[in-house]
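After this come two complexes, each holding subunit A, first together with subunit B and then together with subunit C.
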Partner chain A sequence: MHLKAKLGVTVAAAILALGFANVAQAQMKVGFVYVGPIGDHGWNYQHDQGRLALEKALGSKVSTTYVEKVAENADATRVITKLASSGHDLIFTTSFGYMNPTNKVAKRFPKATFEHATGYKRLSPNVATYSARFYEGRYVVGKIVGKMTKTNTIGYVASFPIPEVIRGINATYLSAKSVNPKVKIKVVWVSTWYDPGKEADAAKTLIDQGADVIMQHTDSPAPLQVAEKRGVYAVGQASDMTNFGKKAHLTAIVNNWAPYYVARTKAVMNGNWKQQDTWHGFKEGMVKMAPYNSVIPASVVKLAEDTRKGIISGSIHPFAGEIKDQSGKVRIPAGKKADDGLMAGMNFYVQGIDGTIPK
Partner chain B sequence: MGTRLTLFRLESRPEASKAMVYLSPLIAVGMTIITAMVMFALLGVDPVDAIATFFIEPISTLDGVTELCVKATPLILIGVGLAIGFQANVWNIGAEGQLIMGALAGGGLALAFYDQGSILLVPAMLICGTLGGLAWAAIPAWLKTRFNTNEILTSLMLTYVGLLVLSYLVHGPWKDPEGMNFPESRMFHDSALLPVLIEETRLNVGWLLALLAVAAGWVLISRHIIGFQIKVIGIAPLAGTFAGFKEKKLIWVTLLISGGCAGLAGVIELSGAIGQIVPAISPGYGFTAIIVAFLGRLHPAGVFFAGLLMALTYLGGDSAQITMNLPNAVTGVFQGMLLFFLLASDVLIRYRVRVGRRNIHTRLSE
Partner chain C sequence: MSVEWLIPAMLTIVTAATPLVFAAVGETVVEKAGVLNLGVEGMMIIGAIAAFAMAVTTGSEVLAIFSGAIAGMLMAFIFGVLCVYLQSNQVATGLALTIFGIGLSALIGHSYVGNTFVGLAKLDIPGISDIPIVGPLVFGHDALVYFSILSVASVAWFLKKTRGGLLVRAVGENHDAAHAIGYSVTLIRMGAILFGGAMAGIGGAYLSIAYTPLWVENMTAGRGWIALALVVFASWKPWRAFFGAYLFGGITIIQLYAQGMGVEVSAQFLSMLPYLATILVLVIISRDSAKSLLNAPACLGKNYHSSG
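== the complex of A and B ==
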């Protein structure tokens, strides 16, 4: 009886404390929703690294919360609502499937601010979208893999046939071909962002078909691990994956969300946050290259670095014309560069890539 | 003939205590909470605080209570249907597939009428959804009654077929034409969305249908002749056959009921909570509902409470992450422990533990 009463009091106190914390906080609360586990060492891991960097940068002025493995269905709306209703002023939803849930919740909580990664809908004034120009990284990587392949075959583990992924394949191919006209690219679609088993199987298939460099647009280090075991090269995805395959890991395209997260949080704090669609690349530091493996000859590293610097200065554009699609139709005329609209909706393979995009 | 050296053995009790059969879910819940508190203490988290965050905080607001009902709706609906079948020893393991096919049947209708509203749309979707699940469950029913195939395998395998059909449709013909090739459908027309019961929340008519299913299931099992036949066939198939009950008919009835319930749950989830067709409609409700059915002692009223409890573990997982920064795995640990303790107490209700090995002579003389 005594114990029961004590328990009751503690529970009541806990609830009160929760309520009190909401009222008394001077800190800004920032919430993050991840589609996978933060331990994927890819997409979600990097977003969480961004969150930790935000905590480090703003210290006691900010407190952060994350919810991981939130399915892109009815659960997403519940979790985002929960974050908004528990006093989070700014909420980053970091997967495409959260687009409609984010917009729904944003409409209901006009005072909170929402940032959705990789989407295109901003239905209320408190929703912004952001993504990174990963294709710039692919273009740098293309120079390296084009030079490093001996079989002239690049294997590519791809997730879904959305413009983002197709753009990456095209950028890689165009870049590799510019340094190695004989290069071929083989793509396996795995229809998942994170499934180490499937990703590994795809990598094995590609190696069996003669690929000696494996690239991936999926989140786990499994393809890299397969490459390490089979003695071929690979390129890491989203984070520096060197530790998963020291010999195979040529470099990685690193998603660096920290500067953006810090800037947007500060903007909300200072009251000058504005709705916008952000698409940042090397120049703003949202895309970075992981250290280059020492097996890459110095001349190739220089080539890669010159490409990176050229992209930053604007002298190099991965989609500079003339670019034809598989049917031979000119998509980007000579002397022109692809604009953001064309790149955002890219749904064709460039000429020279074999195979078709699944419909 | 070798003798096995056993320190402990299970000896079946002459009769399982009836009270204990119903108490065991409560014991399981109690044991789960105690073990969880130990776990939290070892993690360096205040155990009382953690339990309050897990079980009380999620339902401390109106929003939370309504979300609990939204999450429990498919679990209860499917659980009731499955429980009826399980009582007749008909093991429909493929409710997840029936849910998906129901969602596609109802959702397909919504997509066909995406640009024109009608008050008939929602009722038509609910009917289509139910029929979709029912049709998917009819396949294992037909295979079992015609070829005596194992419905556990056929219904389970059809789940994967259903998932592939869903994946084909959202990546192909049903993809949003203005959706930049992302695998999801258009948003449904407002009139294809289930009416909301409490404004500003997601609590919808689907919850009432789940309650209705509980009541109907209860009447069927305890008052209707079919319910009696189901129970007899389940406990003593031979006696049922002698009494003239048609086993094949019961296989059909129970599979169609459970399939229809799952299909209805699918379309409710789409039309009530999601509002478009996405590649992952259900986070495994069809499978979780199997746990719910057993946790609820295969009784519709029990399923009701078990569904709420299971839903609460998901919401508690959110809270634990948001307010205590505990990892998502906590939810899985809770559900796993709950099932483990339930099975363990069920075993101990039917058997008692004896120390040492049984005398070999008594064994031979048996």
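== the complex of A and C ==
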């Protein structure tokens, strides 16, 4: 039975990965730290796809190591230290909560290079940060969901009230509202990135309360599956999740880390790696749209694609003024666009969204 | 405000509570027999993948549930051999079982990520399930929900009213005395451990074939630990564990609905409530030694060896 052979190989691979086995020194060693399982079919899965693409692109010149399900606490410090001390030249730490551990370890290993995803602290010269402009994807999705909803209610399964998530909600709402003035957005916070059961419960709640399009900022395909079962639409998160709900899946915002991982690894190899803060979007290919479901009318697909192209050319900006917050205060004046600083620290709902951000 | 949302909310609570009910009731029996198995999470997740794999391969829900139960039992068997026969430390072995289960399930489940399955059908009795309110609430669940209630009732009856239940409790309260009057402590404990494994496996199966019919790694997401907390919270009584599961499930779901309706709630606070409640119960029962003697099995967590 070939399953056994496969198990054996995977066990061996797992032992190698966990044991940080040493390989030939000529190779450059690149380490990856993931917050969840690579089998989540979402955030971590996409980072691992980036790692695999890196192996493919550079072949025998690199060897990669990954450690999955690393908690965002002292465990992270231990794992990153272990990677750095076992000769990894470049380490990607791929969750917001690794910010302090990454900087702490980087200080102790000045020769190694560290790349932290979604953070903002670069305390020593060997730490760079990178993230993707997912809000651009949300803005494209907003046009679609604004047109597709019949109950004028978008349900949003949210994880934690950090700027990244709030920005996504705002971008979705502003975009949906621009094509459907009656649209409302209902947000439910589940306080987790990954709990399929709870995410599904949140989706059920939103559908029970009238939402007919479900969006999510959590990592499992469970909300999408609930949407499929209840006969409403949903938008995939991080990966193309069509398989989990062929009718429900309108599209997905796909995180594409591969080009960045290849470029940064090459930079270290060639000795021209520099500290920087990268925030890439559609233009650089870090954010992509999954194929559009055939239920979306051609005119709406065109609208979405025009929006995407507009964002790439710069003629459209999701946070172009005038934008007011819930209290009516102008946050982005007319004629201005939100700068990266404002977007990176966004902690307010735009006017028109009901409810408050949990503290 | 209308109360229409209450019915769907209650249906959601039932699905959220059912996996906890299975796991907690199984663990109650294990702990009543004096064994602390911290591997509930590991047994659940193995049950989840075994059931999902069987469901996808054969399409049979019944086979899926059985395979979940058997997978949970196999895990429990490993634990039993180590703790009951080889006298290993129960806490460490249980923790190891959880870590092992999560890892092994990820390995087995690797090729099942992305597969889907229609999910366990809800009971649908023409005419009866359509009665407003009562219909969906009483007759609108899947078969496993009814089975979970039945199993709580059976376990409660077994522990309290039968000779077998008395033996389980005797072994848990004083294994030396049980041995002295001629009962096999090891066999009775093994039986309890296997039963606990089967129930945890069914709880896991419920997650992967009914609750969210899919397989993703680590999908139990800590429910095994909540089940363990529930056993203590319920002070080792099956019906209390059942109500505890509904209470915890209920709190989670109600806060989601409240958020959707724009009521301000602290999601973080509610997430920690089950654990908080458990600590509270632990404090209360340890304050009053007479009360704790009535409830906690006296030999809980202690290994037994007939020569010593």
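Rule of thumb we're sticking to: the second predicted complex is superposed on the first by the 335 of 359 C-alpha atoms of A that agree within 3 Å, B and C clash if a C-alpha of one lies under 4 Å from a C-alpha of the other, contacts with A are read in each partner's own complex, and residues count from 1 in each chain.
Please note the rule applied: a residue touches a chain if its C-beta (ideal position, glycine included) is under 8 Å from a C-beta of that chain, and two chains touch if they have at least 3 such contacts.
Quick caveat, the model's predicted, so the values are computed rather than measured.
Student: Touch test for A:Thr77: subunit B only (first), subunit C only (second), both, or neither?
Tutor: In the superposed model, A:Thr77 contacts subunit B only, not subunit C.
Student: So, does A:Gly36 touch the first partner subunit B, the second partner subunit C, both, or neither?
Tutor: Touch status of A:Gly36: second partner only.
Student: Now for A:Ser191: first (subunit B), second (subunit C), both, or neither, which partner does it touch?
Tutor: It touches subunit B and subunit C both.
Student: Which holds for A:Lys69: it touches subunit B only (first), subunit C only (second), both, or neither?
Tutor: Both subunit B and subunit C are touched by A:Lys69.
Student: Identify the partner contact of A:Ser85: answer first if only subunit B is touched, second if only subunit C is, both if each is, neither if none is.
Tutor: first
Student: Of the partners subunit B and subunit C, which touch A:Gln49 in the superposed model: first, second, both, neither?
Tutor: A:Gln49: touches no partner chain.
Student: Kindly classify A:Pro358 by the partners it touches after superposition: subunit B alone (first), subunit C alone (second), both, or neither?
Tutor: both
Student: For A:Phe244, using the defined touch cut-off, is the partner it touches subunit B, subunit C, both, or neither? Pick first, second, both or neither.
Tutor: Only subunit C; A:Phe244 stays clear of subunit B.
Student: Shared contact residues on subunit A for subunit B and subunit C?
Tutor: 7, 10-11, 14, 37, 69, 191, 358
Student: Across the complex, what residues on subunit A touch subunit C?
Tutor: Touch list, subunit A to subunit C: 6-7, 10-11, 14, 36-41, 69, 155, 186-192, 194-198, 200-202, 204-206, 208-209, 220-222, 225-226, 229, 243-245, 354-356, 358.
Student: Would you tell me which residues of subunit B are touching subunit A in their complex?
Tutor: 48-49, 52-53, 56-57, 60-61, 63, 67, 70-71, 167, 171-172, 180-184, 187, 200, 202, 269, 273-276, 278-283, 314-315, 318-319, 321-323, 325, 327-328
Student: Subunit B touches which residues of subunit A in the complex?
Tutor: The touching residues are 7, 10-11, 14-15, 18, 31, 37, 65-69, 71-75, 77-79, 81-83, 85-86, 96-97, 100, 104, 108, 120, 160-163, 191, 344-345, 347, 358-359.
Student: Touching subunit A in the complex: which residues of subunit C?
Tutor: Listed in rising order, the residues of subunit C that touch subunit A are 5, 8-9, 12, 15-16, 19, 103, 106-111, 113-116, 119, 207, 211-214, 216-219, 221-223, 252-253, 256-257, 259-262, 264, 266-268, 271.
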